[in-house]
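In what follows, a single structure is set out as structure tokens and then discussed.
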């Protein structure tokens, strides 16, 4: 399980990247069940993206896939075209949601919304990179 | 904040344009939070467009973008393809919603629905042009 | 049918009453089909009441009853207890919605929200009274 | 407007109270428009309360009332019985949501969910008390 403290640290890492690229973001961290643990909307970020960030985290965990990869499958002609009509509108099919893994298994997810796709993705990756780095064995 | 009187004046300016192009419209003005301040449905306008006009105003403020520009990003293959599944179905991704700005910051939005995209857009622009003109410094 | 001009006059009459009792209100007028013709949120009125005013007007026309009367039927033990679960959540069961009648037939409705029940009701009644008075034959 | 830093401080004050009473909580802070600024779910708190906390904050701002007071009006026979059917299910009618005021005007709201009514309320009050205290004039 991801603790609230861990979620806060993941968010802090993502926020630092958002500051670096100069784009205020909504950042959400969800647990194993896809349910929200913590969320922040940085000053100046769109309020319409609150819901999107939370749902990107849900989606990434619901299907254990980054929403960036899901996007390709959900396009017209793709295997999952129309998947966004499922789950009561909680499935987001554009970049910014990534599963959070521990010992090779998804235990949660991060969702980011507030910029263009590549921006959301890089901020989400900053969060997952932080979480992954914490797992590395300490070198002797 | 936008007052009711201001919202009425914005709507009047938009109505005048709708009369000029001969297409009855639904016109809505929302506040900073995307919440409706005032709405009119001109005689003969579609009742199915009531909801659309109100939601175009919500969308324009929620993401500080015209729904005309959002439309391009929300197409198949675009960065925001699938965004209309968010926010409980309140995100409209076709022309007619524009933020209303004061001193360079969005303080509300107008949403127009009742005709084709270019018609909705021109009526919404008449509303925003009126609001922008009010801000001009008085010439000496 | 109720025209936009008529809806505006009904709203003006209701607004005057709201000013008189000193409580800012949301005021909505719906057509024969229960669909919104016009809405205003007076400065300082709750944004949570936008939806309620619009739905009170819908409800009053949907069942040709004042929501004040419907409230009695919708209480626990009443004939219509639970009716608010119908119509996708658009049925409001507290005072402030009244049908608008012409020649004895309902042609629309007014919905008011922003104060306590008696306040909403008196403002809605001011709107219906205005509409009824317009129909009186001119005295010789 | 409430900044993210302010929201975090409000949440920290509320969390401290939740720790004191030994009940893990969901705590949400919303802006003027009722939109989420930040949320935390304390370790062990119900995930079903995520949505409730966020909606209590929305409700408190939407009607500028504590959900504790709204609860009384929303009971069977009360002026607002049935109000929870409005606003697409976002109206929560039990204790835990309180407006956040600055210079006497509501600028946001806090919503708390995770315990019984009195617990949620006391944690929300800890948040609002912190925010109010920040406004006190500095003693000479």
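The first chain written gets the first letter, and so on, giving A, B, C and D; residue counts start at 1 in each chain.
As a working rule, a contact is a pair of C-beta atoms (placed from the backbone, for glycine too) under 8 Å apart; a residue touches a chain by one contact, two chains touch by 3 or more.
Here the structure is a predicted model, which is why all the values come from computation and not from measurement.
Any chain touching subunit C that also touches subunit D appears here: B. Taking each chain's centre as the average of its CA atoms, subunit B and subunit C sit 26 Å apart. Chain centres here are Cα means. That of subunit A falls 44 Å from that of subunit C. Averaged C-alpha coordinates put the centre of subunit A at 31 Å from the centre of subunit B.
In subunit D, the positions touching at least two other chains are 31, 33-35, 88.
Under the touch rule stated earlier, the contacting chain pairs are A-B, A-D, B-C, B-D, C-D.
Listed in rising order, the residues of subunit B touching subunit D in the complex are 31-35, 88.
Contacts from subunit D toward subunit C in the complex involve residues 33-34, 59, 61-64, 73, 76-77, 79-83, 85-89, 91.
The part of subunit D that touches subunit A in the complex is made up of residues 3-4, 7-8, 31, 33, 35-43, 47, 50.
Of all the residues in subunit C, the ones that touch subunit D in their complex are 46-49, 51-52, 55, 71, 74-76, 84-85, 89, 91-95, 116-117.
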